[in-house]
Every structure is written in C-alpha cells, then in structure tokens.
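The following pair of complexes shares a single chain, chain A, combined with chain B in the former and chain C in the latter.
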Partner chain A sequence: MSVHKRRLLGGTMAAAAAVALVACSGGGGGNGDENVEITLLVQTGGTGPAWGEALIEAFNEEHPEITVTLNSQPGGTEGDNLVKTKLATGEMEDVFTYNTGSLLQAINPDQNLVPLGDEEWASTLIEPFVPVVSTENGLYGAPNGTSQAGGILYNIPIYEELGLEVPTSWDEFMSNNDAIKEAGKTAIIQTYGDTWTSQLFVLGDFGNVTAQDEDWATEYTAGNRKYVEQPALQSFINQQEAYEGDYFNEDFASALFDDGLRMVSTGEGAHYPILSGGVSTIAQNYPDNIGDVGFFPLPAQDAEDTRATIWLPNAVYIPSTTEGEELEAAKLLVEFVNSPEGCRLQVELNVPAGPFATSLCELPSDVPQATQDLQTWVDDGLANPALEFVSPIKGPNLENITVQVGSGISTAEEGAALYDEDVIKQAQQLGLEGW
Partner chain B sequence: MAQAVATKPQPTRRSVKSMYPTWFYIPAGVLYVVLFAIPTFASFYFAFTRWSLQDVEFTGLQNFITFFSEPQLRTGFTNTFIYGFVTSGLKVVFGLALALLLTGQLMARGYLRSVVFFPVLVSAIGVGITFKVLMDPFDGLINSSLEAIGITGPAWLTDPQWALYSVALIDVWKGVGIATLIYIAGLAAIPQEYYEAAKVDGAGGWKNFWHITLPLVRPATATVVLLSLIGGLRSFDLIWATTRGGPGFTSDVIASVIYKQYQAGFYGLSTAGNVVLFIVVTAIVVPVSYFLNRREVER
Partner chain C sequence: MRRRAKIRGIVVGSISIVLSVIIFIVPFAFIFLTASKTAAEAALFGFTLPTEWALVENLTEVLTIRNGLIVRAFINSTVITVLSVVLMVVFAAMVGYVLQRRRSRWNPVVNFLVLAGLIVPPAVVPTIWVLQTLGLFATIPGLIFIQATFGLSFCVLLFRAFVSTIPKELDEAATIDGAGPLRIFFGVVAPLLRPVIITVVVVQAVAVFNDFTGPLYFLPGDENATVQLTLYNFQSQTLNQWNLLFMDILLITIPPLVMYIFFNRQIVAGMTSGAVKG
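And now, the complex of A and B:
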C-alpha cells in the first residue's frame, strides 16, 4: 500500500518539477526548435537494444531537436508484468515496443494507449495487421519488424541427399521422417529446454485448422469450440505421433532453441518445427549454412488444407501518459520506424523471416531461402494468421502441456483437455462473454 | 464479558521493566505493519476478487473453486509434501552425520566446517543455474563422471521420474550446512559426563550414539526439522531456477503453480493460492512444532 503511495508521491513531485521546468523554458523563447526529451523502451535479448540505438541515431539526424533516451527491459512473461505495472503506475516510457494480438489486448489499450488511427502511416498497413493492433475504439500500434511463420525449418542438403520432396500432407511428412530415420539421422528436432519451442506442433498448425473451419477462432472466443474436438485436436495428436515415432533428437528434453537452430542448419537434424524468425539467428551464428535451410508449413492431414500459419510483427506504442510536446515528438519517432531509413534498420539487424506489415517497407532482394519459401505460400494466398492474432484467448500453460504430450507424459487427448481447462481462467480474467 | 475479564487469572510472570522506552519499538513496528501486516490482511480480501492493477471485481469464492480445480494442483500438492519431507529427512540424516564427523578429532576441521557451510551462502538461483549445467544429461559433469566409471546416469532434471528428487538433492546439498551448524551446537551442549559414565558401564560407540547423543540432540533435531520443513513446503526459487516445474508439470509445487498464475495475470487467483498456501503451511507446522516442543519439555 504505502509503496504505491510513495510512488504516487514521487510521481507528483516529478510532475511538479516538470511543470516548473516547462514554465521556465516557456518563458525562455520560441516553440519550434526547443529541445524535447523522450524515452524509448525496447526488450533486451536478441537485437532489441542494438536496433534501438541505431534507430535513435538515424532519427536524430532528421530531428536533432528531439533527444531520445533508450531504456531496456526483459521480454517474455516477466516483461509483460513490468509493462502492466509501468502502465498502471504511469511510468511507461514515451514510446515502447510490445507484442500485438492477444498480449496487446491484455494491457487494456483503450485505457492505457494513445490512438494512432489518424496518423498518415495507418492507411498503409496490410489488412491482417490492422485488427491485431486495434480494439473496437481505435488503432494503437505501428508495425516494427517483419512477419514470420510457424512451421518447419528443414535442412535442404538432407532432402537432396535422400531424394525427398517437400511434403504437403501429414502422411508424406511422416514417410519422409521414416526415410530420414532409416538413414540414421535425426528426423525431427525438439528443444524442450526452452519450453516455448514445444508449442509449435499446436500453434503452427492453426492455419490448417482455419482452412478446415473458417469460423473456428471466433467460435473459440465465444466458447463454442474446444481443443478436445477435431479439427483442433489433430494438432496434439500430431505431436504425440511424432514422439511415438521416435523421430526426436536424443537430447530433446534438455536441448535449447539455439541447439535446434544449429542442428537444422548444419544437418544434424532434418526438420525443426519452429518460428521462421529463427533464420535471423542462423544468419548470425551459421552464416555459411543459411542457404541450406528451407521452410514449409506444418502439413495438414489433407494436402488441400495445408496453410502457412503467420505471426504478425510486434509494434511500437505510445502510452496515454505521454502528452503535449512529448506526444508530438513520440509520434514523429513512431512514424520514423517505418520511414525508408527505419525500414532499412528493421531488416539490417534482423534478417527478415517474412513479409512486412506495411506497404511503406519493401524486403531486400537477398532474403534467405526460408523467407523466399514462405513468401511463395503468402503470395499464393495459402496463409492464415496464428490463433493469438485472431482470438484473445491464450492459456499460460500451453508450453508445459505440449512438453508433456511431446515427452510421452500424457496423451494428446489429456493434453487437449488440460489446455481447454487452462484457457478458462484467461477468458474469465478478460471478462469474456460465455465463460 | 466484564465478568469474564474480571475472572481471568492474573499472569503469573512478573512483568519486567524494559531497559528501553516503548517508542523504540515504533520504527520496527511501523515497518512490520506496513510491509507485512497490511499486505497480509489485504490479501485475504483480494483473494475473493478478480483484480488487475486497474480495477477490482468481487467474485466471492470463485478463485478458491478455480484454484482447487486446477489440474496441476494435485501434482503440486503431492510434490510439495514429497519435497518438504524428503529434504527435511535427508537434512536431519546428513546434518547429524556431518556434525558428528566435524565435532570429532579431524584434520582441518575448521576448514571442512566452512566447506560444508559455504553452499548456504550462495544464492539459490546461482546454485540452480550451476546444477542445471552440472546435471545436463549429456554434457554435464555429473553424468560424464558417471560414464567414466561405467554408469549411465539418469537425465536428472529432464526425466519426469527424477526431476523432483534431483531438485530435492540440490536443496539438501545447499541447505545441509545450516542443519550441520545447528547439530554442532546441539552436540556441544551435551555434557561429557554422560559419555564418561557410559564408558565406565562399557558402552560402545553405537550405544553412545543411540542412547545418549540422539535423545539429547532432540532440541536441535526439532529446530532442523521445523526449519527445513517450512523451507521445503514453501520452496520455490531453486525449483524455478532448475526446472520451472517441468518437464510438463512433473516437478510443480504449490508455490510454482501460484507463481505461474501470477505471471499469467490471474492476480486474484494467485492471491487466493497464497492464502491457501499460508493456511496449509500453518496447519502443518503448528502441530509439528507443538509436538516437538512438548516432548522436549516432558523430557
């Protein structure tokens, strides 16, 4: 209790000081060229901080009158809590990067963020991106980075050596796995040391679910579809079959995301169900092998239904606590993220793993093989957004449940039932109808 | 009411006049009330609500119903008890054994005492991360060493059968220093005359231990059992640093279930969980403490 009070007190004092400062500078002179100070928040880990620094440097060449200070914080669930706390206590930085889709809905955008729907760039967004940064009342974020897909990164040399074809149905995929296993290689790479990577059999299969039942996501949000029923149950069954087929690397229980990327790029393993964003790490750590890694979506049972499952990029937002000239400066910075120079910076540090979400930016011509493979699926219209972008419901325990199914601790049916239980809490916390 | 107060027996102990004025208590008292008492009582209210940092909605017993119907809660409860009793039992056995060793005639006794105590000083997170590396099933030092002598070690932290026990073993390694320290003090308090008398009667080492040492270190045992049981029941940091409750939910304890709920933003639910944990720990520790101390007085 008192901590809050003290914070509030600190906040008031800071505000008072700021008012005093503004008053002083207001007396000092003109409006146009005085120095405005704003802050930018990025997530640590990966290329976040490096991108932030580069962005600020480029931004200052164009707007020397705005001083931007870079702050960083951890990502993941820990970061989610920090973001919520900062927004609730009014201490959020003036511009911050954060997820789109269900995680954005969880930070209550209508109350906490500045609507940006009237900005010029807002009309250039690709259609599937608009809902993931919007509520009924407005649009709140500008895209930052490229989209990616959840599917299978595969090792092209192994495919060539064994004369395999890229599979489009689950049966073809399984017979490829048998052939690879017979050749004495790891057919499927799993890395449960980083538990989130275990979810891809389920999350990356969602494009196929949508292909079979267009309204699945809407009905799921309304509480009328469940994972214990087909077609969604199949995602869990697929993971169970993959485990029972004994296709996994022997250290699947302890291996990490980075190990998985190493295996698929150097040919220690053939298939790695993962986000295609992994290619940017491969480009950094195994640049000689980047051409050896291709992409295909997780195959549906019926080749007709196979779709790429797309993850839309993160976005930059402005909290509603940013006002006045700071707000104007913050809007300029947000706009700059998708300027020609901003677009270049987005793909300079992160090798693009999929298309941009705004027509303002274009992919460079030398993108990796896996990105080109994905682009074909998108261009053919065979791509659907991932569940977290079309429904606010995402249970927190999915990664533990998929570890259980993928390690033979529980069956697909048990896992699906557990997950259906798990999401009830999320739906209730969000106050959705029908739960 | 008034009658009840009037007939209440006067306290037998004479009140001792304190050396210090009462207001010396105020700073500590304020800190205690503000940082401990208020949040504790507030949590009893918030356990009945669905709250976020911005708003509160009263939901009655809903959180408790949800909490008790959590599928992983049963695993969590079972694991918490296994963990609490395994660590507490092993700390008694190893603590007493080490204490006997370290009170005996021994070269470099002081040095060895420090070595045994040292892990206590290291942070649980640091220990957890270190052991995660040591216990890696393929490149870890432990399994590599076992392999050198022809044993294939288990997958320690990643095998569902082993994970919880592996963490318990790490906990014992880390915490046995405290138990040893308490036992050393307990052993030092046993008068030598008993051993001399027993020697005259022709008692051997084993009889000495069984009939003199063990009964007379009971106060130390009580302390060790209590401390490690409380610690074990609410253990969290080490489990989180090593397995995060995994693989799957196989090493989840109540505290890690609650933490995951908090992380997911189910604040009301996790507050309810903490209230339940508070009650469970109290319900176990109070009788245990009463039992152990009563026996001590009767002796």
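And now, the complex of A and C:
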C-alpha cells in the first residue's frame, strides 16, 4: 500500500513538474504550439502608434503567449481606400482601429468583419454607441478612446472679466457676443483656412434639432426631411446671423484650426465653435491655458432644446479573414482595450475630450475643464449623437457651403438648398429609398 | 549704348537672382526654421527665427520615434529607388535600342504596349492579386518590380528617341570588326547613351523616392515603411506636431538635394541633350 502511495505521489509530482515546465516555456514566449502571432493596425498621426505600443506591452504582461506585431497606416481618405483594399484582398491585420458610423457601413461589415455581439463587454456599451458599430445582423466593434462633442470652446477669463453667464439660448449667446464685441474683443472665432472647421455651426447644432424633432434623422434618411425647412434650417441661419453680426476675427477667411485654438486659449477670442477634441492640441501647445477653456453646446433658440452634440469614439474590429486560434487571441486583445489597464492607457496618451462609450472605463479626475463641462451635459442626459452617426447621408460639399454662408456669399436659405442638392447624389449612390 | 546694355544686364541679372532666392530659398528656409521650433511656436506658422532653438531635440525625436522607424524608412526607400531605377535603365535601354534599330512586324505591337503602359492607369486590387499569386505582396522586391514596371514605358520612349541620334554606321563598323549583338550594345552603344541615362536616373529616382500611393497600397507593414509614409506620423485631424513634421520634411529633402549638388552639371547636360535631340 505504502509503495503504491509513493508511486502515486511520484507520478503526481512528475506531472506537476511537466505542467510547470510547459507553463514556463509558454511564459517565456518560446516555441511550441501555444505561441500565437497576431497583428494590430493603428492609424499613424497623433498618439495612435504610441498607444498601440503601450497597449501591446501591457497586453503581453497578461498574455505572454500571444505575440502582437504593430502596423500603422495613414488615416483620412487614403486610409479609407487602403482599409477597403486590404479587406478586399484578405490582407487586413487581425485587429484594426477604424471609424464608427457611416464610414463603418461603407466597408460592408456583414461580409468583412467578425461579429462580436456575444462578447462579455458588449453589454456594457452606452446606448448611443451600439447602433454606430452595428448592422441589422450584429455588433462588430469595441470602443477605443473617448467621445467628443461639437460645440463652443470658450475663454473663461473673458467671461469672468465681463461678468457673463454661460448661455443656454441663442438670444443669450448673441447678447454675450455683443458684450464681448463692445469690450473690443473677438466674439466668435472662425477658421476657414481649414474648411472642415466651418461646418460646426451646422453639424454641432444637430443635437438641438433632434431635441425638437426626435425622428428627424430617420425621416431625413427616408427623404422626408430637408435642411431648407425648420428646425434644421436654423443651423444655417445661426451661421448667417453670426457673420452679419460682425463678430468674427479679421482673418477668419484664412486662419487655421491651430490659430483658432491659440485665440480661444490665450484670450484673443471668446467663442470657438469646434470639436472638443481640440483640447489635445491646447494641452500640447498651451498647457498653461488648458484651465482657461470651457465648453458649452451651441445654444438652441429655446433653452429647453439645447443639447450637446456627441461624436462617438472610433472602434477596434476583427476582419473575417482572421480564424482559429488567431481569432481567439484577437478577441482577447479587443477585450483588453477596455480592461482597467486598457482604459488607463486610452486616457494617458490622449487628452480625453469627452466621456467613454462603455461603463467599463471611467474618466480620471484631472481631465481638462472643457471635458468636465461636457461630462455634466452628458450626465444630465442632455446629449444627442451627431447626424453622421444616425444617418448614412453626409454630402461631400458641406464644408464649402458653410464657408459660403459664413462668409456672406450665400444666405442661409441658399446654403441649405445647396446642401439638400448635394446629398441627393450620395443618397442615390447608397441606394436609399425615397430619393 | 553699350553702357546702357551693361546696366540692363545687371538689372535683369539681379532681378532673376532675387526671384530665384524667393522661389527656392525662402520655402527651404521656412522648412528649416519651423523644424527648429518648439511645437507651440511652430503652430504659429511665423516666418521668424525661433525664440528657443529646438533643432537637436526635434532631430533626435524624429529619428528615435517608434524605435527608429524613419531610419528604417530611409534604408527601404534607398534600396527601392536604386534597384528599381537600375532595372528601368537596363531594360528600357535594351528595348529602346532594339525598337529603334530593328524594323519588324512586331514593332507596332511593342509600340502599342509601351503606349498602353503610359495610358492605362494601374488598378490596385488586381495588381495585389497578381503579387499575392507570385508571393511578392508586401515585400520590397515586389514594390521594386512594380515601380520598374510603371516607369518602364516612359523610359523606353526616351531611349528610343535618343538612339535615333546615334549614327547607324557605328553599329555597322562594330559588326565588321566582328562584334556580336551583345558586344555592340554594351561596348559601343551603351557608353553613348550616358546623357539620356542621367536624365532617366534623375527623373525616375525622384519619382520613385517621392511616390506615396505605391508603397501605401503595395507595401503595407511597419518594417516596410518608406520615407513619404513617415510624414503621416505627425499629423491627424485634431493634433499636429508641425515642428516634427517639418523636421521630417527637411530630412527627406536632403538626399535629392545632395544628389543635385553633386550631379548638377551632368543633370543639366542630360536634360538639354535629351530635349534638343529627342
């Protein structure tokens, strides 16, 4: 009996030693079947690659058996084309970051991506984020980064000096502008040298449109709502009134995005309608002034209708060409993006410009003033997603049309009519009904 | 009268010097100055001396970013440029020579194919399929062949035009002396092609070195980065590091600049001889 026992014990020990050996070789990232190699694609520019490197390093501490290689590619139009090319030729990396909303729909997720709706984290997403990473057939992406808002970055010292209150209605906003103009300062900063910045009066006002007409986006996609009619026309009228009030900086036609942020953070101007993501540039170039910049949404006519307009964050996806154990490893990496350590990395390298899109992550307490201001609007439930996340229609010429309206070349009605004309082609290309 | 002509010469000369300074030196100075500034100052886009010189800091940051990605990109770009230009010169010279010298019923077909190479735009996805089948996708040799193929048509046209200016009697004399076809080409004709070879080298080297879309689509992966792709490391929608971007531009501008300084005379000679006799 005792001999038997000893043999059993010895056997167990040998087995335990073997397990330990296997575990060791796995832990050393050595050879064997357990080592899986996957690739991660991030966009160059900004903090993308730095985030990717930090993420991989942290991920390997938890999963040393998975080797992740980082690749990067440009964003923008070239990036869109490249993503489509890679998906079409089966060369896409195992995990990749990309836009949400209408740009995601353009890469045909049902055919090209792995559905992730059954993953544990999928139930923690905030409600507005789910539709922007989903099709009728499934959910495809996990959020990466914080959301941002389109609204007005304002200079707090000017407000304090003139004793102004944060406006909630358009009339209050205009009387603030008058007061700032009388004090000899630039009331509204516009930077048409970077044409995309001219769209904020229209795009950043969309939360207010939704507040007045809940079904606007759905009806717009169906071809039943137009920009030439209220409440959406008001966005163009606002921009026209701002121009006619002569509130703009003198060089509004040629100033650039970076100039606009300089003016609002150093107090050369009071209001800058822009994406709150601009705080990362302020943090880099004017770190001393980051506390001087606050945020409020573009006010609606009626204070009751004023809402923040939210741009949802990008997401990480897995292409359907990734299979087997690579797929399992890729899913672990996607999950890790929104783990406590992953959340920390997201805000460590990027200055957060708004709230997270999942309840797994929380903003740290030392975020910029503008982000805190935005957070209160979101916490109060006074925030709606931007139009590009709730409708696939976005005309290519909006930025040119808003430059026309904002420079007094066209009236609001003409601009709105031009834009309605501009989106027809795109709606027809998308094969939408009712166009 | 002569004096007036002399004054006029001086005035015209000075104006052209001032103009060339404005056109060529000022942008370069702007790149250099912006590359020497801090991020905050560079975002002002002023044509001023930096208040705080950060040239060395920016240089080290650009060179060390992402484990020396840019150094690797320079090596890749150099290899791709040199090898693809060598391929273009050798093959285009041979094709151009045969096409000009030997009249046969294949000539119209070859001419059509050469022109087609200029006219038909390269399609990305089918090209990738071809590369995948050959096992060359996302490899440096793959991109070298692509660059050589895309540039070949233009080079063939240049060589064919130039060969027509070389007297046929030279070939005949060599044949009488007992030289075979290969010997004639490499021993007699090739040395005479020098001016047009320099033209092709300069034009194609700049084109390949500056190409953005080729490496973007056909050579993905970070270990395969080329210099033009590294420019995107410093720009995004809401955050630009202008000082580092301009430092990268400065570094990328240097190789063509050095090449121009050394080969200045040959380049001008090659251009003009090609232009007049073409």
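Keep in mind that, in the parts below, the second predicted complex is superposed on the first by the 402 of 435 C-alpha atoms of A that agree within 3 Å, B and C clash if a C-alpha of one lies under 4 Å from a C-alpha of the other, contacts with A are read in each partner's own complex, and residues count from 1 in each chain.
Note that in this section contacts are C-beta pairs under 8 Å (C-beta built on N, C-alpha and C of every residue); 3 or more make two chains touch, one makes a residue touch a chain.
The structure presented is a predicted model; accordingly, all values stated were derived computationally and were not measured.
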Problem - Simultaneous placement of chain C and chain B on chain A, clash or fit - result: clash
Problem - Contacts of A:Asn108 with chain B and chain C, given as first, second, both or neither - result: first
Exercise for the section: Could you look at A:Asn137 and tell me whether it touches chain B, chain C, both or neither (first, second, both, neither)? Expected result: neither
Handout entry: Partner chain(s) touched by A:Thr218 [first = chain B, second = chain C, both, neither]
Key = neither
Exercise for the section: Considering only touches as defined above, state whether A:Gln43 meets chain B (first), chain C (second), both or neither. Expected result: second
Problem - Contacts of A:Thr281 with chain B and chain C, given as first, second, both or neither - result: second
Practice task
Determine, under the contact definition given at the top, whether A:Ser123 touches first (chain B), second (chain C), both, or neither.
Solution key: neither
Exercise for the section: Give one of first, second, both or neither to describe whether A:Ser72 is in contact with chain B, with chain C, with both, or with none. Expected result: second
Practice task
May I ask you to decide whether A:Arg262 touches chain B, chain C, both, or neither, giving the answer as first, second, both or neither?
Solution key: second
Practice task
Scan A:Ala88 for contacts with chain B and chain C and give back first, second, both or neither.
Solution key: both
Handout entry: From 60-68, 114-122 or 150-158, the chain C stretch with C-alpha clashes against chain B
Key = 114-122
Exercise for the section: Once the two structures are superposed, pull the chain A residues common to the chain B and chain C interfaces. Expected result: 78, 81, 85, 88-89
Handout entry: Interfacial residue positions of chain B with respect to chain A in the complex
Key = 34-35, 38-39, 42, 50, 52-54, 66, 69-72, 136-138, 155, 157-160, 244-250, 260-266, 269
Fill in the blank from the handout: Residue set of chain C touching chain A in the complex reads 39-40, 43-45, 66, 124-125, 128-129, 132, 137-138, 212-213, 216-217, 220-222, 229, 232-242
Practice task
Spell out the part of chain A that touches chain B in their complex, as residue ranges.
Solution key: 1-2, 77-78, 80-81, 84-85, 87-89, 106, 108, 111, 192-193, 195, 250-251, 253-254, 396-397, 400-401, 403-404, 407, 409-410, 418, 421, 424-426, 428-429
Problem - Contact footprint of chain C on chain A as seen in their complex - result: 43-50, 53, 69-75, 78, 81-82, 85-86, 88-89, 91, 196, 256-259, 262, 275, 277-278, 280-281, 284-286
